[in-house]
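Reading through the structure tokens given below for one structure.
Naming follows writing order (A, B, C, D, E and F), and every chain is counted from residue 1.
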Amino acid sequence: MSAQDPIEYRDACPEVRAVFDDIRRTRQVEDVNNFWKYLARDPTTLKRTWESVNEIMSPGALDAVTKEMVYLAVSVTNGCGYCIASHSAAARKAGMSEEMFGELMAVVGMANETNRLANGYRVPIDAAFER
Amino acid sequence: MSAQDPIEYRDACPEVRAVFDDIRRTRQVEDVNNFWKYLARDPTTLKRTWESVNEIMSPGALDAVTKEMVYLAVSVTNGCGYCIASHSAAARKAGMSEEMFGELMAVVGMANETNRLANGYRVPIDAAFER
Amino acid sequence: MSAQDPIEYRDACPEVRAVFDDIRRTRQVEDVNNFWKYLARDPTTLKRTWESVNEIMSPGALDAVTKEMVYLAVSVTNGCGYCIASHSAAARKAGMSEEMFGELMAVVGMANETNRLANGYRVPIDAAFER
Amino acid sequence: MSAQDPIEYRDACPEVRAVFDDIRRTRQVEDVNNFWKYLARDPTTLKRTWESVNEIMSPGALDAVTKEMVYLAVSVTNGCGYCIASHSAAARKAGMSEEMFGELMAVVGMANETNRLANGYRVPIDAAFER
Amino acid sequence: MSAQDPIEYRDACPEVRAVFDDIRRTRQVEDVNNFWKYLARDPTTLKRTWESVNEIMSPGALDAVTKEMVYLAVSVTNGCGYCIASHSAAARKAGMSEEMFGELMAVVGMANETNRLANGYRVPIDAAFER
Amino acid sequence: MSAQDPIEYRDACPEVRAVFDDIRRTRQVEDVNNFWKYLARDPTTLKRTWESVNEIMSPGALDAVTKEMVYLAVSVTNGCGYCIASHSAAARKAGMSEEMFGELMAVVGMANETNRLANGYRVPIDAAFER
């Protein structure tokens, strides 16, 4: 096993196992995703990232499907292949229909377009939007 | 007036005025934002962009405030100052509370972080996420 | 004068002056832009960057205005305010008309949009495009 | 067939077929690229995107090869694998030689470099470039 | 005071004051930066972000100046004006000399250039780099 | 052999061979990486890029491993798969331990997060950071 391999549960130290157990319990899944198995190479980052994600993605003023769609919008904008795949799945699981996906992509595409039009035309911020 | 100046209604050609009128009617505002006044330097782009934005941002499977929050999430990720200012205002007008804004920013920040962790650890896509 | 101030010709060391002189001669300008005055804080980077820019931006298989428009397209995509301002000016000087600018921005906007649609829909590369 | 599969012509609804027919006629090709088959999952986005791309990419003040090279420059900057593959092919078809490709990449690379030098040195915009 | 104003210590709730006190003590400063005063509008995000930053930026296998330079490299790549300003100052305080800054910017610029050359030439990963 | 194929030493023109020889000598390797074989399609870009990389990456005020880690941080932020693979390997060869890699990724992730928090909260630059 090389230092760059993912960590499976059976090979994990107690600190990593505790995080894996918490993920499995919280998400009610048999096994954690590759993302967590790779992060487990650095137990401190694994623990902090899981705790942050768990705190942030829990439903609050925004519901779960809205949060997952925003996550997907950011991942699509950044072109992160892994994150697009995993958060597409998570958003669908949280209730995103194909119609919602279509509208989400349309907004993401248009925002990326108008962001550049605003840059290129050097549009100054309207007084009404200034603090 | 230089060729790079924004176009005010009083100076606009009929084609631009028609778009400005449609924006004012649809959004029920007195005057259009700077974005449209700068785009008006190219009437073809002005018309196509307004028609696309209007089609995309109308409530459908996603409601107006969700769409504006996604727009804001993309603009924040890209660091477009004008778009952050204008779509913060639009999202608030559509119903985004301060609590919703706080949670939105938390998701956007975390997604930008984990996008890079997935890149850096070179995490392969789980079989379950593959088509 | 702080170490982070731009370097004016009168305060420059001989190595920096030689680069400034070459820029002024090549571009037929009285004074160099701020970009070069700031880079001059690191004479090695100043020299290498100027020589690279000069080699790359000289007309070859692509003419000067095409090269400047591509430079502007990249700067708009990245949202670099300084570079948008300076390369808009350079592209206009090299012959970019307002109509060309309008079409350039339309292409840049659309490319940024479809880049994200391709990401989000996870479109696999057509066999015809593979090597 | 899953909801995330691409839509082939034989399985397409009349609205999608009409767009596919228009693409095939306009581009004089036997079949449309994967990009359009995936977008076809959302016929509204398919139609709007095709009409926008068609309007924007038609020769005008800029010729076809210049537009394709700008599209490629943006796609390379964003790192969109699909778009790099498809617009490399399109640019070559429109007349981009290997020498033009080499110079294009050189400009794109240098622009991405100097964008960051301008950011990092916090270079203020020259008065001459300000509106 | 609007909901979008920064929070000063005198106006802060006990939870925010506790974080501000911890920042001031840890960094030995009189007052916290604007970043923290704006984040204080969402005490949960303020607390989590400060605790994460504090854990991550403490010297470990990498020393403080290296960590600050990496932070600056990322901020320059993303074009975040606030972060470039604040982490330039932090890196200098941690020991970054002008010569180190010059070399850092040179590496950041070159990496941004070659990232795009690798994208544009569609370079496949060498077998030696594959896992 | 297509014009888009990589250039192997045996097929290279003298100008390309001279660069390949210099890379092999400087890095003490049997063969150059794919990156250089693809760039070799444009000998001018190959020569300039190698000379720039060689000048920039040589140890100076920053040592080799710090420079490679900064290169990796930029590549991870941009999501360049090839560059992440090659500069992970280069950084490890220059002395980056797994613990250093873990801390590097943690800083890169956090910087990408707080860059967006600063954007989204529209944090103005502190007077202390202004020039």
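Following the convention adopted for this analysis, contacts are C-beta pairs under 8 Å (C-beta built on N, C-alpha and C of every residue); 3 or more make two chains touch, one makes a residue touch a chain.
Predicted model only: the values in this text are computed from it and were never measured.
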Just how many steps, at minimum, does a route from chain B to chain E need if it may pass only between touching chains?
1
Intersection of contact sets, chain A vs chain D, gives B, C, E, F
Taking CA centroids for every chain, report which one is farthest away from chain E.
D
Counting in whole Å, what is the centre-to-centre distance of chain C and chain D, each centre being its mean C-alpha position?
21
Report the inter-chain centroid distance for chain D and chain E in whole angstrom, where each centroid is the mean of the CA atoms.
34
So how far apart, in whole Å, are chain A and chain F when each is placed at the average of its C-alpha atoms?
27
Chain A residues touching 2+ other chains are 4, 41, 44-45, 48-49, 52, 77-81, 85, 88, 99, 102-106, 108-110, 112-115, 117, 119, 121-122, 131
Given the complex with chain E, which residues does chain D contribute to the contact?
72, 76-77, 79, 84-85, 88, 104-105, 108-110, 112-117, 119-122
Applying the document's contact rule, which stretches of chain E touch chain F when the two form their complex?
33-35, 38-39, 41, 45, 49, 52-53, 56-57, 60-62, 66-67, 69-71, 73-75, 77-78, 80-83, 85-89, 97, 99-100, 102-104, 106-108, 110-115, 117-119, 121-126, 128-130
Residue ranges of chain A in contact with chain E within the complex:
2, 4-5, 44, 48, 52, 55, 131
Within the complex, which stretch of chain B touches chain E?
79, 98, 101-103, 105-106, 109, 122
Chain F - residues contacting chain D, complex:
3-4, 41-42, 44-45, 48-49, 78-80, 131
